[in-house]
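Data first, discussion second: the structure below is written as structure tokens.
Going in written order, the chains are labelled A, B, C and D, and every chain counts its residues from 1.
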Amino acid sequence: MYDELRHSVCGANLLLVKYKLVTFTWGNVSGIDREEGIIIIKPSGVAYEQLTPEKMVVLDLDGETIEGELRPSSDTATHLELYRSFKSIGGICHTHSPKATMWAQAQSGIPCFGTTHADHFYGTVPVTEIMTMEEIDNDYELNTGRVIVRRLEGMDPVQMPAVLVANHGPFTWGRDAITAVENAVVLEQIAETALGTITIKPEQNAITQALLDKHYLRKHGKDAYYGQK
Amino acid sequence: MYDELRHSVCGANLLLVKYKLVTFTWGNVSGIDREEGIIIIKPSGVAYEQLTPEKMVVLDLDGETIEGELRPSSDTATHLELYRSFKSIGGICHTHSPKATMWAQAQSGIPCFGTTHADHFYGTVPVTEIMTMEEIDNDYELNTGRVIVRRLEGMDPVQMPAVLVANHGPFTWGRDAITAVENAVVLEQIAETALGTITIKPEQNAITQALLDKHYLRKHGKDAYYGQK
Amino acid sequence: MYDELRHSVCGANLLLVKYKLVTFTWGNVSGIDREEGIIIIKPSGVAYEQLTPEKMVVLDLDGETIEGELRPSSDTATHLELYRSFKSIGGICHTHSPKATMWAQAQSGIPCFGTTHADHFYGTVPVTEIMTMEEIDNDYELNTGRVIVRRLEGMDPVQMPAVLVANHGPFTWGRDAITAVENAVVLEQIAETALGTITIKPEQNAITQALLDKHYLRKHGKDAYYGQK
Amino acid sequence: MYDELRHSVCGANLLLVKYKLVTFTWGNVSGIDREEGIIIIKPSGVAYEQLTPEKMVVLDLDGETIEGELRPSSDTATHLELYRSFKSIGGICHTHSPKATMWAQAQSGIPCFGTTHADHFYGTVPVTEIMTMEEIDNDYELNTGRVIVRRLEGMDPVQMPAVLVANHGPFTWGRDAITAVENAVVLEQIAETALGTITIKPEQNAITQALLDKHYLRKHGKDAYYGQK
């Protein structure tokens, strides 16, 4: 069952390899079918070369396995928390891609230094707070989801489809699993250019609100005019 | 119609992939036929793998579509302004290539630190001024062309076939579409080496006028002696 | 004889090329059969394209060649010292991979800035002391092994399967030759992200002990829950 | 005539592409036959994909073409000056490889920070003096050779097979054309790791003379014990 979603989530996981976002098995992508009340996610620690739609794990929103013989990704509880809180998203991606991870490890958000960023993320890509010892010791993966949700408070997750988990790495999302991966690709590139930008000019400011609005809205607003309708 | 130019502009767009200058659809190349009074440009948001000469869009110099069913690149008005102002150029290329974009985001021109740079760009690669809120809100893409033209005032666009749009990224041009892309490749490489140069020695000066003249002119002057005549 | 170990050690050496850890012949991997009392190692200065299981060199633990017509890696004495001292390891890998070598050349350990690191190395990856003139002049390779062993004193080599030899480069190890190479891949990536981290925030601290414990133990402790059991 | 040397010099030029040392046509390799009194060099501005042994240019040591219909590399006079002054070398390579060029543009030699460097270059890779206006205006390429020779005074070009021409890029050499290219590969890697090293620790010192001697001599001295004799 859930053949179409199995295929698209499996394909999205394989895109991580194509876009060079992962080393070994360090990444996972999931997708949700809200009508059916299930998510599909990569099995834990399985090599991408061996991934097939059949091996994907189907879970309900409480994390109970419905179909699949393999254990789901160890980050499943994080994905579930995000799906429960961000009703508008359909796919989630987590990687340890190097450039985004540099900013996460520096506990620093990525300022919007240019239009490449503004085309995809509506402002600074936020970084979560450091997790407390209590949050780490019990229900760590669930609490990872919670610190993300807390950090996104007041933002529209559609307009800000990325976060950096402090000391860890990026999570991205989107309307489906493939879009979540594409946002991870964009995030990696803007993380790289932002690093170069502050190397050239450490005190560089973010772009103006006018330019941010222009670029974000020409691609995403109701009057968007980028691409073929 | 315009078969030859369609093919060369399509081929030039595909070179962006070959030279790793683009992610997804973030780049566009155009060419002009001044006798016919038309330009040919990439359609907006179309994946490079699906690009064919037939899909290219033919426009007159006022931006009216003459042939083609797809919308032209959202940056078309910028290309048109450059063609109208720089009478000696035949092709234009725009990308968000990471290294050049770092400098654009730092609102900094790229000083001529060496002969690789001097072989292709006759002095500092200029960066535009920040656009005003008015320039952004109305006719943004046209105004992007205008700030470029303003910044190039007093320079020969043949001798300086590149500019960095502040907070955005590079535009390059040349005698035809392929040359415009080649200049984008060179720009990316000198942006990378310049960043390394100031990392090693932050106070590094540009090269002397004598060395700049020597290298630029041995490749481009009337007494050029590089290559096979 | 020792066919299986020959094949796995040869294959592990070829992984160095696959993972882009080596230039020319600058790397070597070995494996040990503790029951037979032999190690198998790459021959010195042989190109990876020409490497076959038959060309691997079999030595006893005193470094005497038992099988093989080629000279063993010039670093053999270092490998032997590590096998003698670290009873729990089965394979060793040495490379000059660029990012890890940067830290070795800066005579600096790699702080644990994030969970990618914590998933594999239990704390700061240590750097050895500078070798004395006496240690360099006599039995240099053996002494390289000794400074490594001295630096690892008080640590469990299973929990810290990597070291940076000051002014030289990384050695990694693991339960077998392939795991040793995989640890070299991880080390290279965390060396890269750590460099970016301190570029963004020079005074960045290591992660908390709680987070280090959580990540290391969820992958490696007796209650590990990553992957498929 | 000179078939063997034509083939090896052509092959060495093609290695520049394999090792990613060149963009477009920005590099050239030559070889010398001292008994015949001729050198063979890449033709100027010819794409590597179109290079064949037949297209290589044969010159005498005064730079007169003996065989070949194409113009030789515009850097030919530099190569000739090095062959006349460094009697022990058989091949020369010039590129604008990015990492080595960063140091050349920063007018800074590359300190010997580690054993990778010491294995191939016996001490700091030197950078030339800035050329005077007179040296640039007349016989520029010949004078480029002369500033290199002047900078190498007191060094054995076999022990220091590389130099950085200030504001320009690297020249390397060796016993033949292929070795010259291999030294260019090594130079590029040590340029990269040295940049990372000073990013981590700006005040980092070069390695000790004892370690430099040990590594250089274990590979190159009369008692060398690296590789298969």
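Assume a residue touches a chain if its C-beta (ideal position, glycine included) is under 8 Å from a C-beta of that chain, and two chains touch if they have at least 3 such contacts.
Just so we're clear, the structure is a prediction, and the values are computed from it rather than from any experiment.
Seen from the C-alpha centroid of chain B, the farthest chain centroid is that of C. Although chain A and chain B share one sequence, what matters here is the overlap of their interface residues, and that overlap falls short of half of the numbers used. Chain B and chain D, compared by their mean Cα positions, are separated by 33 Å. Separating the CA-averaged centres of chain B and chain C is a span of 46 Å. Shared interface positions of chain C, defined as residues touching 2 or more other chains, are 199. Contacts between chains close into a ring here, every chain touching precisely two others. Applying the touch definition to all chain combinations yields A-B, A-C, B-D, C-D. On the chain A side of its complex with chain C, the touching residues are 23-26, 43-46, 70-71, 74, 96, 98-99, 101-108, 130-131, 133, 136-137, 140, 167-169, 195, 198-199. Here chain B touches chain D in the complex through residues 113-116, 182, 185-186, 189, 192-194, 196-197, 199-201, 204, 207-208, 210-211, 214, 218, 225-229, going by the rule given at the top.
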